[in-house]
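Structure record follows, encoded as structure tokens.
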Amino acid sequence: MRTKKIASVALLGILALSACSDSGEPAADQKITVGFSVYDMQYEFFQKMAKGTQDAAAAKGWEVKLHDEKSDENEMVTGASALIDQGVDLLIISPFKPTALGPIIAKAKAENVPVIVNDIGGGGTPYDAIVISDNAGGGKLAAEFMDKQIQANGSASKNVASITCEPSATYAARRNAGFKEEIEARGYTVVAELSGNSKAEEGYKVMKDILAKNPDVAGVFSCNDPMGVAAANAIKDAGKSPVTDVVSVGFNADPEALTAIKGDLLAATVAQDPAAMGGLTVTLGEQALNKQPIQFSNAAEREVFNPVTLVDKTNVASIG
Amino acid sequence: MIGAIKKAPLLAPLVLVMVVLAVSTDTFLTRGNLENVLVAAAILAVPGIAMTFCLAMGEFDLSIGSTVSLAGVACCSALIAGQPPAFSLLLALGVGALIGLANGVVITKLGVTPFIATLATMVIVRGASLAYTDGHDQIVSSPGLKYLVAGRPLGVPMPIVLAVVVTALAWWTINRTRFGRWVCAIGSNRDAARMSGLPVDRIRIAVYVLVGLSGGLWGLLISSQLQKGNGQLGLGFELDAITVVVLGGTALLGGRASIVGTVLGAVMIETIRNGLNLLNTPPAYQRISVGLLLIAALALLALRRRERRGAPRVLESAA
Amino acid sequence: MALLEVDGLTVEFPGIRALDAVCFDIRPGEVHALVGENGAGKSTLLKVLGGVHRPSSGEVRLAGAAYRPRRPADALAAGIAVIYQEFNLYPDLTVAENVFSGREPCSPVSRGIRYAEINRRTSELFAVLGVGIDPAATVGELTVSEQQLVEICKALSVDGRIIVMDEPTAALSADEVGQLLDVVRRLREEGRSVVYVSHRLDEVFALADRVTVLRDGRHVRTCDIAETDPDRLVRDMVGRDVESVFHRDEVRGGDVVLELTGVSAGRRLRDLSLVVRAGEVVGVGGIAGAGQPELSQLIFGALAADAGTMTLNGAPFSPRNPGDAMARGIGFLHEDRKAAGNLPDLSIRHNLTISVLHRVRGAITRLLAPARETEVFDDYRRRLDVKATGPDQLIGQLSGGNQQKVLLGRALAPGGRLLLLNEPTRGVDIGAKAEIHRLINQLTADGAAVLMVSSDLPELLGVSDRVYVMAGGEIVAHLTGDDRTEENVVACATTGRRVFSEELSTR
Amino acid sequence: MINAGRIWDTWGVTALLLLLLLCTPVIAPGFLDIENLQSVLRESAYVGIVAVGMTFAIASGAFDLSVGGQLALTSVVTLMAFNGGGTAAAVAAAITTGLLCGLVNAGLITQLRVPPFVATLGSLFVFRGIAYLLTQDGPKTLPYEQIEAPFAKIGSLDVAGLPVPFLIMVAVFGAGWVLLRRTAIGRRTLAYGSSPSAARFCGISDTTIRVFVFGLVGLTVGIAALTYITRVWTADGSAQDGFELKVIAAVVLGGTALKGGKGTLIGTFSAVFLVSVLNEVLVSRGVESAYQRIVLGCVLIVALTVDGLRTRFAAPGSFRRASRPTS
């Protein structure tokens, strides 16, 4: 029993000792270091965003420290804080949970490190700027396209559906809200608004249920492409066309969506340009570092919009 | 009739839920919707049945969700590389079986507890799947693969055909063949099984291979639906498969297996999911209802068993 | 010509030599008893024969050829069937499935087991044994003695030439023992050899042709049963003289400690009335399943009474759980040491103090004080003469007798005036048995009251001052003085005769 | 032989951790920076705290699959309480909610007689479901304006160079050690896990143990939730998906056997840090997350293999439960 105690004290001692043997020299070199904390490198979208950021930074001769949040809010806070601890001059973050930005921003403020948020924001935190794809605007674009396509299909039904992500995904909620507002303004009814939890598997099942419940549904908007393409597959498996029978629109312009559009397996998707967004964050970061004023698209929220575009069969060849 | 109800205690609540849904929605009983439910249930039942073997043996396998992903990736990558569909399907099943074999060997030969061994494979296999795809979708457009979900031999959707065949085979195996009885024997008394000369390790490995195979098939069915494979598919599926078996009552029996219970469990879960979607209910309620259902069904079953014999035999840990 | 010869067999485990150059042989068609105290190496020998352990050196020859089983299946294939003390049955499978486990005949096409065939063959085997058990019944629902018969049936089904039984009567009641002995004789008539391991010398003398004594892993001697007698055998086993007759001190009836009046519990216990006084040992006998352990559990609060009243030391007593009973100072020893006695992952010290944790706490901190625990343990270790290497040994590492002493210590520790002892010497070797009896004597001399459930008739009659006999959940006899005879106990337990001596009969 | 086994049970993982720490200057320079070490100690706290409760659960022969749901629900409720009533309310809410969740589990197990595995699988769905319900309008957050609130500081403050969450974790481990080794209820928990039927005849009540163990798990979740949300400032139904596996893995890796009867908090403590240090080392080596998983999985298997092989080959001689003493 006693040996255990001694050893555990010893263990703590080692941890504490090694903590004291700190190298702690200030980062005095000239070269600017950017910390980039990214949502999850498992996704192509964020791989592209990281590439865009790294390329832009390299062009300026900066060094980039990359941190993968691995879709975990604890990892996000830990890793981003660690970047600040490592003495980065600028923090760019595409947060897994924007609501968890608070402690990171607080730490950055204390260390005088400017923070540029990429893609998803909110949480009421005083970051220096946020680059966002216009999620709500993208939803509106999707609604416009859907309306046009439904009319072109000659469908009489005014019933449409939407497949959302899990409630915690703020960005997806904005897409859905934008879509819903616009499509209802155009006289349609959203008869089903169900969650596919961002997962393709569930998007497929949910779409099947929607088709069973409202066989006359004329269009479906999915808040991300995995669910969008899955829903389109479900529509196809039910013997209908995801373009001419049930107008299927996704969001993100993932490669699978582009492939599907080319093959008439998806009507449209909303393209964001993650690489450009990454580049934009670096530009904004430089302005923040140099204390230059930033041109906000929405100054109240310190938002800088990166435009989204609608991709359908007509322009798919020019994308990606 | 009464005997049937006793053997499958889920039947009554299932009928009840169906009646409620039939009354409260006008679309539940349409042919298309019922087919939806049954197809989804069939896809869930197949791995559930394999997992039934595992739980009857007193163990469980957490790696099946990752197997789904890797098998799907294997199949789709092979198709993309221009391999014939038949080969690609077999490759996926082979990958599944191989993962099962690895589980079985680690558990029996290295003596690692199933919980940890399969947890580790779950992490490793998911990692392998992500590493191989580097996060990219493996998109295919293969009628051969599509046939697995969209095919309708004799007008019956292929997943249902598969599930019926698997159910029948599994029922026969578990109740009437040596292998099945040996699985139950191990679940009933592992030491005795060793002492009476059963090839315990080989049986356990075989069961894990079976679960791996079913994971491979599950991955194929999902990839067939979505026409793609990637590292994100099948997240959390292990819990779904185990839930179905637990709901079917096998976990409470320990040394007995209820294939019918598992199938009913799958139908029950999919019915509820479908019903809540038809009623436009938020997904939160879906989780709550599945949880409550699990507890209620098992509480009833435990109560009945307690009345019949002394203390309930219980799967408390898979050590 | 011997059927099986064991020559110079040595089995070593890390740190222990379980068997040391043991020689042993079995002739065709004989019952060969194997006796020895716990730890003498009997079970190890059986496990070598059964293919569980492999010998470090020495040889086993079966019908002249070397016999080296690598796993249990090899032993079965060679016609050696070992029935271990812990049954190797699957409670969830049917009788026939258990009997043919691993050797089920099945259809070459469907791979289906031929249930008709195994059920029929099982029935035939049971017919040979002279019993009727449904082959399709689930084993978990059978009684212990029926499960024992299933084990024997399993041995017959492999056409075992040599059937080895390890303590087959340990869990059986008197009449079931008789039935089992008949079965063994029948096996011998069929020309099979039986190795019979038992602590009960009366069975050995009733049954065996020859007997082999092991002590401390060594062979002591083998002889025809006619050439020896119980005293001699005991000497051989223990290596010294042991009182084989129970010696009970004179008793003075003290105050009533426990009184039950018309107590019932469901269908298992009906209208029980009994009295236990300070300083006396009250025995409870009967065939297995008559409700004796349930009676003790009811008094201990582990089984709820639904009618009747109990008093303890004159005060009303209605325990809702064992904790209540322990708080009132009642000690309890369960009959199944393995399943409901030992705490296998705990040290012997912790096994003992678990019943008195409130007494080993520090005064101020209210935390468990290891020093006080050790004190309590050392006290009982001395009183009970527990042989262990240290207080931190796991209980499973002790011999059965010493395990039982630790558990007795646990029962005594609450310090009460009433002890409920179920089968206090089951599975315990002769030396330890005598010590436990001596201890009971000593406890009652100090004024404790003991209620002892025992299926060992000599023990029941020898140790108890008064005996209650139960049948079908009722008390059917109360025997005192000269009425305490084996004949009375057996007759009352099995035939419906009722004998009430003294006070209860005048009620 | 036997002693070596017992020592490995308790100290094996600690040895591995020390070995890894000794190697870090070579394989991961920069790991020993003070901020980095603080970060490692801080980020593992919530896992470690719940692992204490889980060690008790597993030692009693059951495990609690619902801790992920409990953590999500407790975090959500705590944030709601904080936004409504400040620090005191938040702390009270965390402890009460966690405890309540645990008691619900205990109630299901003792009153409805559902085995723990099933009961907690069911309540996992239910707790998460309720957390989702409460956050249908979006995640609950700690507002940035509250940055100076004492509550918000819990997760980020250091005392004497040691992060507060880590200190809380150490305190919980200390309390847990005393509870397990030096109190009657702790001893009874071990006895119950060792043999429930024998424990019953030692006057140990099934209900008491279940209520204690699952209540304790809930309590630790409550405490963990405090350190967790003050770190991430947000919670919703999806918070820490898969948390239960993380915690159970740490406990088992630490040397607590799933069959019950044994529990080693020191092992659990080391295992928690073994996993996070390893993770940190892999990250600092720039290993991609996919490969990180593979390495972590392999380490799990290797660590448990040593234990598995030891019990397997030691079987005939050491008197473990698998082979009983012979007579």
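As written, the chain order gives the labels A, B, C and D, with residue 1 at the start of each chain.
Methods note: a residue touches a chain if its C-beta (ideal position, glycine included) is under 8 Å from a C-beta of that chain, and two chains touch if they have at least 3 such contacts.
This structure is a prediction, so every number in the text was calculated from the model and none was measured.
> What are the mutual neighbours of chain A and chain C in this structure?
Expected: B, D.
> Just tell me the minimum hop count from chain A to chain B, counting one hop per pair of touching chains.
Shortest path length, in steps: 1.
> So which chain is the furthest away from chain B, centre to centre on CA atoms?
C
> Give the chain pair, either B-D or C-D, that is connected by more C-beta contacts.
So, comparing the two chain pairs, more contacts are at B-D.
> Report, in whole Å, the distance between the mean C-alpha point of chain B and the mean C-alpha point of chain C.
The separation of the two C-alpha centroids amounts to 44 Å.
> What whole-Å value do you get for the distance between chain B and chain D if each is reduced to the mean of its CA atoms?
28
> For chain A and chain D, let me know how many angstrom lie between their CA-based centres, rounded off.
31
> Tell me, which residues of chain A touch at least two other chains?
1, 41-42, 166-167
> Listing for chain B: what residues touch at least two other chains?
130, 134, 191, 231, 282-284
> Quick one: which residues in chain C touch 2 or more of the other chains?
As it turns out, chain C has residues touching two or more other chains at 86.
> Strictly by the criterion at the top, what is the full list of touching chain pairs?
A-B, A-D, B-C, B-D, C-D
> Using the touch definition up top, name the residues of chain B that touch chain D in the complex.
For chain B paired with chain D, touching residues are 62, 106, 110-113, 115-117, 119-124, 126-131, 134, 191, 231, 236, 239, 242-243, 246, 251-252, 282-295, 298-299, 302-303, 306, 312, 314-319.
> Note which residues of chain B are touching chain A in the complex, please.
For chain B paired with chain A, touching residues are 25, 27, 30, 32-33, 36, 39-40, 130, 134-137, 139, 141, 146, 149-150, 222, 225-228, 231-235, 273-274, 277-278, 280, 282-284.
> Within the complex, which stretch of chain D touches chain A?
Listed in rising order, the residues of chain D that touch chain A are 10-11, 14, 17-18, 21, 32-39, 41-43, 46, 132, 135-145, 147, 152, 155-156, 161-162, 170, 181, 228, 231-234, 236-240, 266, 269-270, 283, 288-290.
> Quick one: which bits of chain B touch chain C in the complex? Just the residue numbers, please.
172-173, 176-179, 181-182, 184-185, 187-189, 191-198, 253-256, 309, 313
> Going by the contact rule at the top, pick out the chain A residues touching chain B in the complex.
Listed in rising order, the residues of chain A that touch chain B are 41-44, 47, 166-167, 192-195, 197, 199-201, 204-206, 208-213, 215, 226, 229-230, 233-234, 237-238, 254-256, 259-260, 263, 265.
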